[in-house]
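Below, chain A partners chain B and then partners chain C, in two separate complexes.
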Partner chain A sequence: MRSRRVALGITVLVSALVTVPVGVPAGASTQPAVRAEAANQTQILRVGVTQEIDSLNPFISITRTGTDILRTAFDFLTVYSQEDMSPVPALAESWETSEDKLTWTFKIREGMTWSDGQPITAEDPAFTYNLMLENEVARTANGSYVEQFESVEATDEYTLVIKTKVPQATMTALDIPVVPEHVWSTMSDVGAEPEMPMVGSGPYTITEFEEAQYTKMKANPDYWRGAPKIDEVHFIYYRNADAAVQGLQNGDVDVVNRLNPTQYDALKSDPNIELVQAQGRRFNEILINPGAATEDGKPIGSGNPALKDIKLRQAIATAIDSQTLVDKVWGGYAEPAAGYLPPIFSDFAWSPGDDVKREFDLDEANRMLDEAGYEMGPNGVRLDKQGKPLNLRLLAHAGTNIDENGGPYIVGWLKEIGINVTLEPVSDTQVNEDTTRGDFDLAFSGWNANPDPDFVLSLQTCANRPNAQGKGGTPDSFLCDEEYDRLYAEQLQELDRDKRVDLVKQMQEVLYDRATMVILGYDNVLEAYRKDAWEGFPLQPADSGVIMNQQGYWGYYGATPAGEGPVPTFDENGMMVSDSSGASDTDTTNAAGEDGGNTGLVLAIIGGVVVVLLVGGFLFARGRRRTADDRE
Partner chain B sequence: MTSPRAASPRALAWRRRGDAFAAGWRQFARQRSGLFGLGLLLVIVALAVLAPVLTDREGLNVINATGGPLEAPSGEFPLGTDRQGRSVLLLTLWGARMSLTVGFVAALLSIGIGTIIGILAAHYGRWVSAGLMRITDFFLVLPSLVLAIALSTVLNPGIGTVILAIGITSWPPSARLVRAQTLTIEARPYIERSRALGGGHLHVITKHVLPAVLPLVFVNTTLAVGSAIVAESTLSFLGLGDPDPMRPSWGSMLRSAWLDSAVIAGAWWYLLPPGIAIAIVVLAFTMCGRALESVLNPRLREG
Partner chain C sequence: MSDILTPTEEALAEAPPPTRGGGALRYLLTKAGGGLVSLVLVIVLGFLLFRVLPGDPVLTMTRGRPASKEQIAELEAQLGLDKPLIAQFFDYLWRLLQGDLGESYVFRVPVTQKIMERLGPTLLLVGTATLIAVALGLWLGTRSAWRRDSRFDKVSTSVALALWSTPTFFLGLLLMAATSGWFPTAGMVNSDTPPDFFSQAVDVAHHMVLPTITLVAVVYAQYQLVMRSSLLEEMGADYLTTARAKGLRDAMVRRRHAVPNALLPTVTLVFLHMGFVVAGAITTETVFSWPGLGLLTYDALEKRDLPLLTGTFIVLAGAVIVMNVLADMLYRVLDPRVRAS
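On to the complex of A and B.
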């Protein structure tokens, strides 16, 4: 009897799991009516997100969604422009460097205020950076930017002077949210979760946060660039992407991103939905463990020693076809592999010339292995130099598109060249732990590159290898190459952009040759929004960019409701170009005295979220997705 | 009855068994649902066994896929294709091999453990019984799915792990059942006689107790295969099954369909075949099991 009950229970569970995407919108489908009514009163942009927020503490948060929200709430000294991601003024209206490139003087804009009315002065960035210099916890998320800082000082109310130990190329791209001194100086624990509402300086301020449910932001009417056109931004959490897409179709959310190709294609037929296909900042790669070692060169991990042979690694790289992965796994919404840096950063991006390029060719890969002395053994598996069969593990993130769908291709191709690969799909945290400890042969990985490539380049240096406990570094492929490290040090201190670009390209050629990782491709970011409710959003970069997860706040800041004029663009000073003051005025008058409708909407949203959570509760609890992939 | 000559005891025993089997079969054959379930099972098992003869396994390899992504059913692909362009029919067919193998082996493992523990506990009684039953209780109160998930997370992924995870989490109910049956059998006079004539533990267990509980064990196994298949599908759906792309199971097909947003794309041909296949196989095993149960337990017979 019992076994039958168990069977029944399991059946119910399986069917519940399978029907989650269908079940969610059914429960939430009463919302569009409420929404349409409320939309006339309070303008709320509802953003569907599928990643839990690790923290809303600007010193701690490293997740995609967390940093996205914090970027909107706290302005920076300088910010990446909407047009082309070049640094433009933000809190600092101008800056200059000394002759020796070691002293930077930022002129802070006068007349700006925090959302609580206190003035923003040079003391605030000085406090923020000094806190990071003194306090290890405050360095958690963005510590790499201040590593070479000598001192930070506010010489007068509107002048900030930063001295660095060595010339630093990232000084106009400090991706550090500046916090208000009068709030944070009284906090006993810098790493604690901040109290709501948060005092900020961005276009919106964070007012409410409910873990695994939503984060709410209100427009900052005193924002120095001008108040946004809308009143609120809500980030609504969905447990899986299908549910978020259904939410978009039903009008429960206005924008979703990171769609998979199937979802994107399915939304094409919906007349109310506008699709955005943007070049991504992410490169996807397969790491090939070249013999992991700690920072002082002691071998760690359980990597297959055969992979120390560069010839074997190059043969593996030859047997991986980026174009097929682009077509089949990414449904064509990606760009085939070239250099280490994604093509969106057109000046730094490198692609191999004909003399060094490895074309996908299984016969050539077989020939390379024959030449290198890997003889074919029984069962079509080659033997390594010790006569052991070449069996490799391929570590993959369970549930991730490229890993789950691309894995079988890698297994198939490498089988053709006599290498037996076993897929090991595990949780994201497990992949992170195993790759950091060097416990892998092959592993899927990938990073989001910033407009300044310093961070992702630093991943491949000797200094980034972990200590003996497997901590203290963020190793990627465990490459430790003299030539690469020399070029890395050179580019870091090179302030002439053209020369630096050249050095960065040389570094990518070295990486390509060493083949400790194979670039698989650069997937497009697929987004969709409701065009019946929204005119549009400023994209970054303007021609082929994204709405969400920008290197800035332009998308949310310039959100334009349907019928309220053209979508604004932002000039080289980051100021709004198109005149939309009329529209903003209408908004503010409308915003007065419609609390009733607002409460109804909030209740409806909470109801929807509760349904999502109840059904989502069946799902096998996955760990928080604080993964290497999602780090910024 | 038919033989005029006096047969040897062994031949007699075999003839008696043959007669019992024939009587049992007649009883079984009287139940239409049981016959139907058996027929269904034979067809499915035949298809699974013959899969390598009927089809080319290389069609499972994504690098050889010929179809477009999520193609609707057509002459070339009777059940359409998956995201990678592989035939869903081919995947379902090969999925049967995986699901049935895991189902059978895991059920045997589970029933095996259950039978041994149940018989030992009932036969030796006292502290052996107390000890073994407390262990059984311990496993009984643990939610078996959660335990199986934990096990397959810790161990290396693969078919062996799945079988082990299902087998060692689902035995307690059968242990209790077998223990109860053993107790009633050991209370019968012929066991006492056997003991009085000097039969040891081993003799009593293997010659008298085991044959008497085996029919029950057999029925139980038939029913357990169904739940083992469902458990395998659940684990595979959660991504804890065998990750080898050349060894798909129905659960892993459902997982791919879910990950590839088959629902949003309206690709019912990707989602339904594995789901229906699971339902049919479990139904077939249950129908067989029910029919067998009524053969062995006259009280369950109608009329």
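On to the complex of A and C.
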């Protein structure tokens, strides 16, 4: 009898376990389906993010998603404009520089408040920067910005004075969230997770964080630029990008980014989805090892010495066709190569003039190599000056589109000009380590450039090479060029923007000529949102930009629900231009959303019923079989 | 999943140690001692394994954003990576003795806290799925063995094998697409669910449906197959003939005589699996963004978060070892042959 009781127990257990989750959809689906906007007019923007938040501490967070949220919660002294990412006033309404370019005086806007009602004064940025100067933990995320600071002081309630050790052109690009002194001065550990809700100064404040699940932000009604149109922004974490796309189609989230071309193309047929093809901040490149060395010039690594010859490098650059890579590897969702800085940064971007431009031409590349004395050896492989065949390794990131799919094209083109290339796909970290040590001939690389180009430009300076231990520094192409370094130092101290832009363009021309790297192209950022629920979002830059991961907060700040008038734009002072307040404020309930909701509910009920029937059937069959058994 | 079968088979093949009087305690001590040795090995290995992997954590953290040499050096000092490896190892041992697994590089919180946060969701999901899978597997396995080569046997065995061979992420995405809109696509609970217990519980259950089905579908086959084959071995046994000769009904013969004997290997397998329950199901958790330990491990590996990796490794391996020891004990209780010798 005992065994029967056990069997019965198992049956009950199984059916309980099966029915509990299953009985649920009928009741539970009301939550995701019938959206809150219908219930109490709370308008929520649900953002699907595919990266986990490391921390919501503005001094610690370094991830894309973490900084994206923090940028929206804490304003900066100055922010990058929506229009073209030039620095515009934020907490500081104006600023001036001393004669010697070492003292910066920022005038802090009066009348702004933190989300808890306390006034924002010059003491707050002074506290934030000084904390970073004093406390190494506070320097974790944004330490590089304060490295050249001599002192920071609030001389009166609305005046902030920063003295720097050397002239710095990046002072209007301090990407440091300013925190409230009255909250953070009482924290014993600046590296700890801040308490919720967080006191902030941005268009939204962070109110709730659920580990690896979601982060909630509420509109800040006292935001000094004016309150956002919507009530809340929820960032919902997806570990799997395909699931995020499915979530967008189901209406679980309203906007997703970083789609791959396949996902993007698949969404084209969905009538409720609007697609955004934006210019990206990333440049992709092939590094050509020009003879890696440490910062004191000691050669390191195992690069092929033949590549020290600029003629050989230029010939390789001539034999790489960016347009083919754009079409075949990126499926057209990219822009062909020009200068070092991506075209999204329209003022700093440079493209080679006709006099210096290298058009893709295999015959020309062959001619260049013939001229430079690389004789064709047996098997169609040229010989270097020592008579050894030109065999090169091409280090690639395994699993990365451009590396895996672009690699074979590059191998093919170089074979045409008599260079034998072996593609070596390895893990990302392996690529990083090998390139840092100089253990490569050719390697795929790429960086996300910032609106202020200083950082990516610094990558190609002599000073950025590793130290004797092969540590420190994040070398890129191991270029060490006198002219480039001179221009680099000059632009860093040039406070006139037009003159600086000119210097930066000259630097890119030098890079292009030295050919220690070949730009392959700039891939687009692909985003999608529900157009049945959303009118749109302010893009950055305004004509070809992104919604998410902006260098600022315009996209989330100006989120406009469907039927609530035009999407705002922001002028050169960062103020909202086309404010639609009062325009078409008729209560447009989101018809599509509600439709979807009801369908979802019905389907959920059907789903629940089906599973209950299945379980019931299973139990019934079991019962019948038992009687059948008993009869035997 | 097939790799999981091997330890069982090994455990079964291993002859139980001969025991004399008072052997129970000795048996227990031997097994516990063996477990302890394994645990120490895991602790040492946990430290070394992730440190010989290529990938400098500081480089990974700073790659692609402004970071000066000074900042990199500062980060290394903060994380204690500037010390020699041996010093780092003793630091780690000393802290471990105090029950401290260190601090995560990425999250900047104690690893223990991070693991405890994620343990609940994993136990809930994988525990539920394992219970269902065990029940389903045992029942199907018994039925197919008893009616060997019947249509039921053929169909259920092939379905089980087909599901077992389906890649988990594929099955998960397929289910998600097929049930489009019925179930949530990510997480454990919606961001706007009311905070009261009932709504939360209902929402969690709603979120659990798809991951649970995926997990069950992929793992139940092994229980079914082991149950089926061990019951088949018993089928020809003399004692069954005897039982039938006594006039017992067929169902009774099966339930009272055949199944209890055939259950032995299956129970061991189930117990061994309990250890892996803690490890979660990395793929399932990844597809459904379930905030469990598996997801945490995956993320930590990607970010080269060494303390977190070591911590999860110790916890996961520790769970397997503990369950292994328990399975050995249980085996002794279940099988009189192990006791008497």
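Please note the rule applied: the second predicted complex is superposed on the first by the 506 of 632 C-alpha atoms of A that agree within 3 Å, B and C clash if a C-alpha of one lies under 4 Å from a C-alpha of the other, contacts with A are read in each partner's own complex, and residues count from 1 in each chain.
Just so we're on the same page, a contact is a pair of C-beta atoms (placed from the backbone, for glycine too) under 8 Å apart; a residue touches a chain by one contact, two chains touch by 3 or more.
Here the structure is a predicted model, which is why all the values come from computation and not from measurement.
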First (chain B), second (chain C), both or neither touched by A:N432: second
Which superposed partner A:R281 touches (first chain B, second chain C, both, neither): neither
First, second, both or neither for A:K505, with chain B first and chain C second: neither
Which superposed partner A:G407 touches (first chain B, second chain C, both, neither): first
First (chain B), second (chain C), both or neither touched by A:E193: second
Residues of chain A touched, compared between chain B and chain C (which is higher): C
Which superposed partner A:K229 touches (first chain B, second chain C, both, neither): neither
Partner chain(s) touched by A:Q246 [first = chain B, second = chain C, both, neither]: both
Doubly contacted chain A residues - partners chain C and chain B: 3-4, 7, 10-11, 13-14, 17-18, 21-22, 242, 246
Residue numbers on chain A that touch chain C, as the complex places them: 3-4, 7, 10-11, 13-14, 17-18, 20-22, 24-25, 27-29, 31-32, 36, 44, 46, 48, 52, 54-55, 57, 60, 62, 136-137, 139-140, 143-145, 147, 191-193, 210-214, 216, 234, 236-240, 242-244, 246-247, 249-252, 427, 429-430, 432-433, 436, 447-448, 450, 454-455, 467, 471-474, 596, 599-600, 603-604, 607, 626, 629-630, 632
Residues of chain B defined as touching chain A within the complex: 61-65, 69-70, 83-85, 144-145, 149, 156-157, 170, 173-174, 220, 223-224, 226-227, 230-231, 233-234, 237-239, 243-245, 251, 254, 256, 258-267, 271, 275, 278, 282, 286
Chain A residues within the chain B interface of the complex: 1-4, 6-7, 9-11, 13-15, 17-18, 21-22, 241-242, 245-246, 260-263, 265-266, 324, 328, 331, 396, 398-399, 401, 404-405, 407-409, 411-413, 416, 422-425, 620
Interfacial residue positions of chain C with respect to chain A in the complex: 53-56, 59-75, 77-78, 106-109, 117-118, 128, 131-132, 135-136, 138-139, 169, 173, 176-177, 179-193, 199, 202-203, 205-206, 208-209, 212, 249-251, 255-256, 259-260, 285-289, 291, 295-296, 298-299, 304
